[in-house]
Structure formats: C-alpha cells, structure tokens
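For reference, the structure is listed below as structure tokens.
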Amino acid sequence: MEKKTSQEVWERARRIKMLIMDVDGVLTDGCIILGSKGEELKNFYVQDGQGIDLARRKGLILVLVSGRRSKVVERRAEELKISEVYQGVSLKIEVYHKVLKKYGLKNEEVAYIGDDLGDIPPLRKAGLALAPANGVEGVKGIVHYVTRGPGGKGAVREVIDMILKAKEA
Amino acid sequence: MEKKTSQEVWERARRIKMLIMDVDGVLTDGCIILGSKGEELKNFYVQDGQGIDLARRKGLILVLVSGRRSKVVERRAEELKISEVYQGVSLKIEVYHKVLKKYGLKNEEVAYIGDDLGDIPPLRKAGLALAPANGVEGVKGIVHYVTRGPGGKGAVREVIDMILKAKEA
Amino acid sequence: MEKKTSQEVWERARRIKMLIMDVDGVLTDGCIILGSKGEELKNFYVQDGQGIDLARRKGLILVLVSGRRSKVVERRAEELKISEVYQGVSLKIEVYHKVLKKYGLKNEEVAYIGDDLGDIPPLRKAGLALAPANGVEGVKGIVHYVTRGPGGKGAVREVIDMILKAKEA
Amino acid sequence: MEKKTSQEVWERARRIKMLIMDVDGVLTDGCIILGSKGEELKNFYVQDGQGIDLARRKGLILVLVSGRRSKVVERRAEELKISEVYQGVSLKIEVYHKVLKKYGLKNEEVAYIGDDLGDIPPLRKAGLALAPANGVEGVKGIVHYVTRGPGGKGAVREVIDMILKAKEA
C-alpha cells in the first residue's frame, strides 16, 4: 500500500460511515497506569471526547476494539455513548468483519485507526487506514494518513474533524 | 474577529474585573483519567493555583464553567476558594450572561479562556478572549490571545499575570 | 542579584552543607492530581530519589518546605529518609532561618531550590539559589542557576550532582 | 568502554538469549506516583508490553530487576507473564550473576537495560548494554546503545525490536 496524496485521503474520508478505534495508544496515550491496590487507570482526552460526541450526532457509527480488557474502557464508552465495544480481542480482523456485516457496510465506508502490529490486518482492509503519531513504524508505514497529534492527545479528534469536513464539503 | 496587536490585548486586559475559566484543557491538561474502581482524576497545576490565589486577593472575580460534571472540580474550587462554579453546562453562554448580570459587569470587563468549540459563544462576547496553546484551531483562530503555555501547565497563570500587570501599570 | 558565571556557581556549590527544597514543581512536576474519591496524588521521579539518597549518605542535610500540606509529601519524605519536613508554610523565610539556626549554618552553606514567588525571600538569602526549568520568570530571573531539567524530572538530581561534584573536586 | 558502531551493536544483538530490565525509568517513565491514601502507581506503556509479549513468544528469557519494591511491578510482571522478577535489590550485579548461572548463559548472551548508577555493574558485564534516552549521563556514557525513546514510552520496545530483527537476519 503506497502513501496517498492528501487529495486521495480526502476522497476516502468522504465515503466513511463507520470509525473503528483501537483504545490503548489511540484513544489513550498508551499509558497502562497500575496501582498498588489493584487499580488500573487510563488517560483519555477531553477534546477527543468532544469530537466523538460530534461524530455521533452527525450519524457516524463508532466502534471501540481493544486487545486488552479493562473496566475503564467500558466507563469511557458509556460516557461517550458508544455501544459497539469489543475488548479482549485477539484477532481484531474478526471484529472488523463482524461490525461491517452487522451494519451492512463495505470496506470503503470504514475508517480504522490503530497504533500497533495487531491492528495491521484491519488497517489493510479499511477504506481509510489511520495511525496516531505514536504508532509503531510497521503501522505508520502502511496507513493512508498519520495524525499530527499523538494518541490520547487529539489523534482521534483530528481524524473525526477530517472525516466530518470531507463529508460536508 | 481579527488578531489584535499586543498593545490592544494590553488595553483589553486593563479593564478586566472577572475571569471566567473553562476547566478541562484549560485549568487541567485535558486528561480525563478514569480508573477501574470508578475513580476519576484530573491534573491541575500548582503555579496556576498560585496565580488564582493572587488574583483573588487582588479582587478579580473568578468563575469556573465546565461542560462536564466532576467532584474533582468542586474539590479544586474549594481549595482555590472559588465560589462561582458551574458544571454540567450545555450552553456556556447562558452562564456567561448570568454571572455578568449577577455582578453588574459589561462585556469589556470580562475575560474568558476556553479551548474547544463550546467556548466560542462566550469567547465572541468577552472583552478579552483567550485560548490555551492546546486549544482547537477553531478556537485559537478567534481569540485575542493564545497563551504560550498549555492548559494545566501554566496557561491560567500566564493570563492572570498579564491581567494583573496590565491593571497595575 | 546578577547572573553568575559557571565558575561562581561552582564556588558557591563547594561550600554547601544543606539543601532546602520546595516540593510542588521542584520535587514534583507541579501536577496537583485530584480524584473523585478524595485522593490526592503527586508525581515524584526515581532519579531524583536516587540523588537524594546519595546526598544523604554524603552528609548533606536535606530539608523539604511546602506551602501546601499533603500526606503524600510525608510518605515520600519517609521513603527518602528526610526528617526535616515543613508543610503548610506561609512564610518560607521563617523555615529558612529556623533550620539554619538549628544546624548552626551560615547563608553561604545553604542551597535553596524553588519555582514560584513564595520562594523568593529564601532564594535571596541562600548561598546557592536555584530554580527548575519550569520556574516562573520572576524566580528564574534572580537565581544563580536554572536547571536544564524540569521539576519532578531531574531538576533535584542535577542540583545534587553539581553540589557533590563541586565538593569532591 | 568506547561507543560501538551500529554494526557492532547488531552483532551483539544477534547473540542475545536473555534481556534483563531495570523497572523504574526503563519499563516506566520514572514517575513514582504516590497518593494520600497510601496508593502507589506506575506508568507502563502498551507498546512495550506488546514487545515483551512478542519477545517471550520468540523464546527470549525476560528478567525484571528493581532497587525498589512495589506490588505494582508484580502485577505488571504477571500480566506480561514474566516469572523472573527481582525487587528490593541493593546489588543488581548479584541478580545478574544468579540468572546467568540459573539459565547457563554467558555474558555475550545477555542484554541489560538500565538508567541509573546502580545499573552500571551489570551494564559493564552484559554483552549488550543499553540505556533509555532518559538515562543519567554516567550510564549513557558507558553503554553500547542509547534508545531513541525514553523509558516507559517505547525504550523497551525499541530494544526488543532490535534484538529480534538481528536474530532473524
């Protein structure tokens, strides 16, 4: 998959009806914060949340998919009113196929953002493949667009702003 | 609204009697830290707190306004002795009008600092409209001044230092 | 107080027998982390702790002074075996005079590191006055040396390494 | 020990069968997060965890060694299925010798990554000596390779990727 020009990214963004997001390193900064009393915490970002809120109201279907499993992700998903949440997923491509089928969507109608090797199979399928600035090299090398901001600090907001602008243009 | 020269910003700062502050991304770094045991945490900054303390003692009226709702904000407000705290606000412009009326102030006597789209209506009214370095483009493009430091790491202190200096000059 | 050349800083460092440290923004990154369940957290840095451990073993007297009051500081002080801990201090200069008297030290034998306006009175007295990179301008302008690293990320380690090297030379 | 060319680092990486990792400042960002209710937290990084998972499956022996002692490290080790965990270690060189003997390995088969002075003795022995970008100068000056990323934000992943690539080449 070769790098696309910004015009091509724009064309791809216009067709998007669903955004599938990896969680750690994308919707968070990748920190796994562990405490001595068994607690686990994650850093989300208020501007990403505002973007997700806007996307939802504009009718974009939002999906979270994570290789790990954490109550924190459930809490954040509830807060953002995202109902499609898949955790403890070993093969993300299976979730990818499942949600496309459920909503009757084609690859070109789906954007996927992920930061690590486990995200490569769905990234190779998605109509718009995205990585945050902090993505590993193997992932950043195959996507259509790498966000300027890092995960958990605006990467998701940047993606949503791009998709909504492209669709409104 | 076109960008003002620093002289104009200074003139605007001299007239300020009230500073209204958005919370997430302004008084904090925008991180929404969620834990597996139901806890929510926010990062505030000690130097911002010192600035607020100084501003209060110099007679500046301080107001917090947040689209979200969190006990943490109440705690920080108590610590900083800020009594005007409005949370879970969907239309910030309503709070803006309410506090101006309550204190009998005109637009030119009010400074407002915010980082996201929901802050735009009051930013368009305030005599001194401010955004932190981490504000979204749509907001940074319409304010009189963008702080050098980001929210939760000195943006509020920078604003207070500017207002107090302008008033003392 | 004019800026000193590095030779002068070195000469000052050689005479130091006590290091007085502000806490928030110096031994921490200045974050006041507040939680919805009443918890308060602070970020300390492992390399600063190692430096303090080394300084203690070399016989340097270590003092913590904070304008705020927090159980967290007590915990960190215990861990680092610092017994001179003063919290909730409104006038830091009083603690400064008190510890100098207690240990029979002169100004030139004392180093003080602080980041905000409340630290200025003791900084004006100390034989070696220091600020972390994140110090406010009013403080960085009057000290003998501003560390390259910020508070809570190596500022204290840098100071201790400098003092110990100067004393051993 | 003089700096090695990247060819030499590569040759050293090819022979590695065991990776010994310091914890604070290497597998974490060095933050010691303390709370008012007795909690202690650490920041780990999801991409480092993915790298460790990959390394384990490729047969690399993984060891954690820490001068401090924390339940959090036990939790992260369990999650990453690392069974060789040594905490509260005052002389890391003793753990170094112990694990080499236990697995019948020679110095040239062992990589060690550490950030502070206590790591120097094992770093002087290991076939591949590594420091994260945030390592203290005294450590960065004696290792074969300093990672581009800091501890707790990709340093360990970078090391594992390098070792696995060198071994597969």
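We just call them A, B, C and D in the order they show up, numbering each chain from 1.
As a working rule, a residue touches a chain if its C-beta (ideal position, glycine included) is under 8 Å from a C-beta of that chain, and two chains touch if they have at least 3 such contacts.
As the structure is a prediction and not an experimental result, all values here were calculated from the model.
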Fraction-based call for chain C against chain B, same above half, different below:
different
Express in whole angstrom the distance between the two chain centres, defined as the mean CA positions of chain B and chain D.
43
Centre to centre, by mean C-alpha position, how many angstrom separate chain A and chain D?
31
Residues in chain B with touches to at least two other chains are numbered 33, 35, 38-39, 41
Would you identify the shape of the chain contact graph, picking one of line, ring, star, complete or other?
ring
Listed by label, touching pairs are A-B, A-D, B-C, C-D
Using the touch definition from the top, list the residues of chain C that touch chain B in their complex.
24-25, 30-39, 41, 68, 115-118, 134, 136
Note: in the complex, chain B contacts chain C through residues 33, 35, 38-47, 49-50, 54, 70-72, 75-76, 152-153, 157
